[in-house]
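There are two complexes below, and they share subunit A, which is joined by subunit B in the first and by subunit C in the second.
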Partner chain A sequence: MLIDGLLIGGLIIVVGIGFSLCFGVMHIVDFAVGEWVMLGAYTGFILVRYFGHDPMIYLPIVFLIFCALGWAIYPLIYRAVSGKRHNPVLMGLVFTFGLSILAKGGALSVWGYHIQSITTWLSGKSLALGPLTIPALRFSGFLFGILITLLLMLFLYKTRLGITIRATAQDREMANLLGTDVRKVGALVYSLYAGVTGMSGILIGALFSIHAAMGVKYCTMAFFVVVLAGMGYVPGVIIAGLILGLLQSFVGVYIGGRYNLLALFMVMYGVLLITPKGILRRGI
Partner chain B sequence: MPLKNAHTQPHTSAPSWRWALLGLALLIAFLLPWPLSPLWIRIATEVIMWAGLAQSWNIIGGYTGYLSFGHGAFFGVGAYMTGIVMLHLGWPFALGLLISGIAAALMAVIIGYPTLRLRGAYFAIATWAFGEMIRQIATILEITGGAFGMQLPSYLNLPFFYYLFLLVTGLTYLTTYLLLERSPFGYKLLAIREHEEAAEMVGVDTVTIKIKAFALSAFFPGVLGGIYAYWVTYIHPDSVLGAQLTDFMVVMAFLGGIGSLWGPFLGAVVVQLVNRVLWLVWGEGTFYLIIIGAAICTVVLFIPSGIIGLLQSRIFLPGTAWKEIRKKVKW
Partner chain C sequence: MKKRMLQKMAVFGLITLMVGVMNLHSAQAQEKRDFFKVGVVTSLSGELVFGGTVTKRGYDMWADTVNQQGGIEIAGKKYKVTLVYADDQSTPATAAVAGERLITQEKVDFILGPYASGPTLALAPITEKYKMPHITGSAESPLIWKRKFKYTFGTIPSVNLTAQGIIQTLAQDVSPKPKTIGILGIDDPFSKFTAEAFKAASEKLGLKVLKYEIVPEGSDYTPAITSIKAVNPDIFAMGNHEKAAIEMMKIAKELRFNPKAFVQHYGMTTPDFRKGLGKDCEYVFGNAVWTPNMKHQSTILFKTTKEYADAFVAKFKTDPDYTEAGSTAAGIAFQEALRMIKATPPLTDAQKDALIGALEKLNIMTFYGQIKFATEGDSYHCNAGLQPVALQYQGGKTVEVGPGKLRTVAPKYPTPSWDKR
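== the complex of A and B ==
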């Protein structure tokens, strides 16, 4: 059961990293994060329905589609958080909040309240690891999470572009002075984040179920992970994701499934009050 | 940051035609239930309730600059308080309303003390987490009826609820006008919104002022929630603590224009009427979410001062209209 939680945590880490990067670089809290997951899941679902094949094949395609979407939306977000506004951070917050209402409303109007699911060749199979049996799909979701996390980390820490992104996150003004086009870095980060989140949407959709109002749940999880990690501190997301998984399994087993969300929100609220910079005190 | 808001300018006395307009609007509001069918009385009642809720949110979100994304919790607590007082204690409705309002304000003081230290996005997320927490608690507790909710004694008297909502919403606007537009308290809030450190430096007791504003903005949703519970007679966590409550408060205030007295009112009228007209035309649907989402994005991008900002500029005078619109709508 503990393993189960860890496996789900792996997927949430992917969403959390993009989200955290977004906050670090652009100071945007994206309320639409759950909607990206939802749209990604639906895109996967539609691709499978019209073209067949296994959903796993579509992961790169969905990544590209959502990168493009993120790139297209970014100028609007940039507009909302810059310029002579009263309170840029809050304007960004409300703007993404509007986006999330728009996406949720659109999905509800088009697909209604039906619950869909994606089946892959892994569904229903399981792996035997010594004394443990693990559902193959969960395991592959976890592997996917680890893989993407590693790739992102490599990108952020080993490439020039990644270093630029981290520099911008650390000190926006200074990076700008030293010749970084902050706006372009923002666009890059946002499209990367949208792509990765949309892509994990397929796996989340395959693991659980797809419906138009599913966004809230993943929005909650992403917020939880990022708050625990310290907003904007990327490596913390990995630990926080694992804590999320463990907490979910623990509460589910020992206290009762209906206390799951309550525990999540209580921990999130408590962490924000006690150490707003996250449990590692490394956030911004 | 320069102080550009109209409310930071010294107040000049309002021209008399404005008072006449207000009197006319009140007269219409009083006479409204006579010509209307029960359906439209319901819709009018909803509009008035939302106008009050949006204004309450505006006190903390618009005037103080602290975006509360968990304001629905105060409405829900008010609704449940009235329910518990009437159902389990058997006390009268009026007492329930009073207890609801005080409970909501007290809760705001207790959670405001630690939460209001957070700023910007952190405050928004913390209040959001808190609001959802309250909802989960209501789903679990025995006394609130869990996920099934509560059935209150029914009292079928549409005009009674209409006038009660009108009274409380009117009080909300009167309080906002007197305390926020016409008193030092309001200026202190604006100072906190514009530059908190500077406000503190010149001697504004920011902690106390913020908590007072938060309690004030929680009191009215508590009372409105109590009336709502008795009005619809059946409440459950999704109906009185759902995310849509906070969503709508934020959307209405932003659409109408935050930090202004009449902005939230206009926003509430527009959003709720559009919502209900769509509902009448197409039946139960989710299409209004698309419209609302698109509207809020447009407002943030192009008209940060909201509908009221457009109206306050002189767009109705010939010759200046286009210039004023160009000034307000930022490209």
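== the complex of A and C ==
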């Protein structure tokens, strides 16, 4: 049960990490987060169908494809959230909500309603540790989540570009006055976010199933994790993801699976009421 | 001032009258059509689009075949059918709105119903309100029939009856006999009742229910399956639709959960289940009221089950499952009831009521099997003419393994563990 919880947490981290970065730096609540997962899963599925090989091989390719997509879409988002508009956060929300509907509808038109699945060499394999059975694919998802978070933290804290991104997140106007091209920083962050989230689609597609409407639950999950971690606080995503995974696992076993969402919402409301900056009090 | 107001009111009144007359004229123009206008409410978008498309294929199969044969023959003249689709977007509230639009604006003669039980339960009160005949070719929740809607019928027997087939087969026809069962269901009207039906059938047949879990759709099913694995049941039964059916099997494999039998209901009969799981679908048990291998014979539309299956494969490049067959059969039920009362399009209110009477008296043999709607009891207006058959994946195909005389192949039991496959 503990292992289950940690492994579910690993998946939540994978989806939440990019979302948190995107919110923290650009203050964009991206409603299309689940659709990036869905499109990533479909891209992996198509690459496997046409070129064969294990889907895991395509992780870097999907990352690059989605980075490019994010980079291409960002000017539109920038246009929606900047300029003379009164409420940029709301504009961003509406714009990405539209993107999400477009992506869902587009996927349905292009790939149809059939439920697809991808299989990796890790699918169905498990590691036996005494009486414990650890699903290999979930475990690799967990490691992937931790690794991506650590890499992102290294990038944000140890590189010049990362420091520029953090400075922009802290005070956008000041960073702009000091010569930072905030538009370019935004584009970089959005493409990073799209790349990481799209890449997670391959893992999720291999674990579950792929269909046009699969994104909704990951959008909800990303919101939970960002509220718990503290909005925009990237390192908090690991702890928040693990807490949410453990919560789901324990509620599922001891109280009943039907109370899972209730428990998650109660925790989210509790955090928003008691400590709106997240459990570590480091969010915005 | 008062005069101007009166003038304005007069002009407004005149415009309203003109619009009314135009509407009446167009309504009268519609009255003269010589084809049946059939409303279809189903899920063409949203979470249930897979199932919605399954029903659409079944309904299209009926309409296209009828039209290819010149139409429905009534009193020596043939009347074609036109399907008018309305998307319920996979939500009950939209199903009700879509149904109301078909009835009040499109003025359809009768309605073929949604894929899922939730939208069907929302549509049924609307068809009741407008006294509109409605047959669902897919919904299976017993809740629909317990509410005794006068204008709603269904071709697929309710899940509390069909789910018994596989439990009966496992409890009585395999050796060594299983003693325990763990049940996991999704929280929607169909899946939850499937799980409840598995539970009721198990208790009736002396199987001990070790764990009974209902979880929300779209959640991660790992904790629930872990908790069922912990009690080590002989049978693991799942109430779900096609997507969760695939995901639950994947999780069971990852967790190395090795019950003696995996039991599903609807999901396992879909081609996506086979494609999604590959060889892991092998040994999975399930239920159906119809398979393309059946040997039903009929004089209506399709002479045999095989003829239907072949025509379906030629048209859609995939095998039909029982929901598609049930949807086609819903159209056939309407067509035969119309013939019985010799009703020609467009149907009047009196003819729609007569159609309900004819559907209640209907007793026909089709490629899908017998259609005979119950007229009393908890299965009111649900098809009582079919028997559930237990299925199992053997060699990549579903084969009939029971119960009793319905067996064509012996069930493979117990299921080998994941490591030994």
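The rule we apply is simple: the second predicted complex is superposed on the first by the 280 of 284 C-alpha atoms of A that agree within 3 Å, B and C clash if a C-alpha of one lies under 4 Å from a C-alpha of the other, contacts with A are read in each partner's own complex, and residues count from 1 in each chain.
Keep in mind that, in the parts below, contacts are C-beta pairs under 8 Å (C-beta built on N, C-alpha and C of every residue); 3 or more make two chains touch, one makes a residue touch a chain.
Since we're looking at a predicted model, the values are computed, not measured.
Student: So, on subunit A, is it clash or fit between subunit B and subunit C?
Tutor: Overlaying the two complexes on subunit A (C-alpha atoms) leaves subunit C and subunit B clashing.
Student: With the two complexes superposed on chain A, say which partner A:Lys217 touches: subunit B (first), subunit C (second), both, or neither.
Tutor: Touch partner of A:Lys217: subunit C, not subunit B.
Student: What is the contact status of A:Ile8 with respect to subunit B (first) and subunit C (second): first, second, both, or neither?
Tutor: The answer is second: A:Ile8 touches subunit C but not subunit B.
Student: If you stack the two complexes on chain A, which partner ends up touching A:Ser209: first (subunit B), second (subunit C), both, or neither?
Tutor: Only subunit C is touched by A:Ser209; subunit B is not.
Student: After the superposition on A, what does A:Leu108 contact: first (subunit B), second (subunit C), both or neither?
Tutor: After superposing on A, A:Leu108 lies in contact with both subunit B and subunit C.
Student: Identify the partner contact of A:Arg258: answer first if only subunit B is touched, second if only subunit C is, both if each is, neither if none is.
Tutor: After superposing on A, A:Arg258 lies in contact with both subunit B and subunit C.
Student: Check the residue A:Ser191 against both partner chains and state whether it touches subunit B (first), subunit C (second), both, or neither.
Tutor: Touch status of A:Ser191: no partner.
Student: Touching A:Phe97, do we find subunit B (first), subunit C (second), both, or neither?
Tutor: first
Student: One more residue to check, A:Val227. First (subunit B), second (subunit C), both or neither?
Tutor: After superposing on A, A:Val227 lies in contact with subunit B but is clear of subunit C.
Student: After the superposition on A, what does A:Gln248 contact: first (subunit B), second (subunit C), both or neither?
Tutor: In the superposed model, A:Gln248 contacts subunit C only, not subunit B.
Student: Overlap of the subunit B and subunit C footprints on subunit A, residue-wise?
Tutor: In the superposed arrangement, which is not itself an observed complex, subunit A uses residues 105, 108, 216, 258, 261 for both subunit B and subunit C.
Student: Could you list, by residue number, the parts of subunit A that touch subunit C in their complex?
Tutor: Those in contact with subunit C are residues 1, 4-5, 7-8, 11, 105, 108, 113-117, 119, 123-124, 126, 133, 135-138, 207-209, 211-213, 216-217, 248-253, 256-258, 260-261.
Student: Could you pull out which subunit A residues touch subunit B in their complex?
Tutor: That would be residues 23, 27, 29, 76, 79-80, 83, 85-87, 89-91, 93-95, 97-106, 108-109, 216, 220, 223, 227, 231, 258-259, 261-262, 265-266, 268-269, 272-273, 276 of subunit A.
Student: Applying the document's contact rule, which stretches of subunit C touch subunit A when the two form their complex?
Tutor: 45-47, 49-50, 52-53, 187, 213-216, 218-224, 226-227, 230, 242-243, 246-247, 250, 253-256, 272, 275-278, 280, 418
Student: Can you check the complex and tell me which residues of subunit B touch subunit A?
Tutor: 1, 5, 65, 67, 114-115, 118, 120-122, 124-126, 128-130, 132-133, 136-137, 139-140, 193, 243, 247, 250-251, 254, 285-297, 300-301, 304, 330
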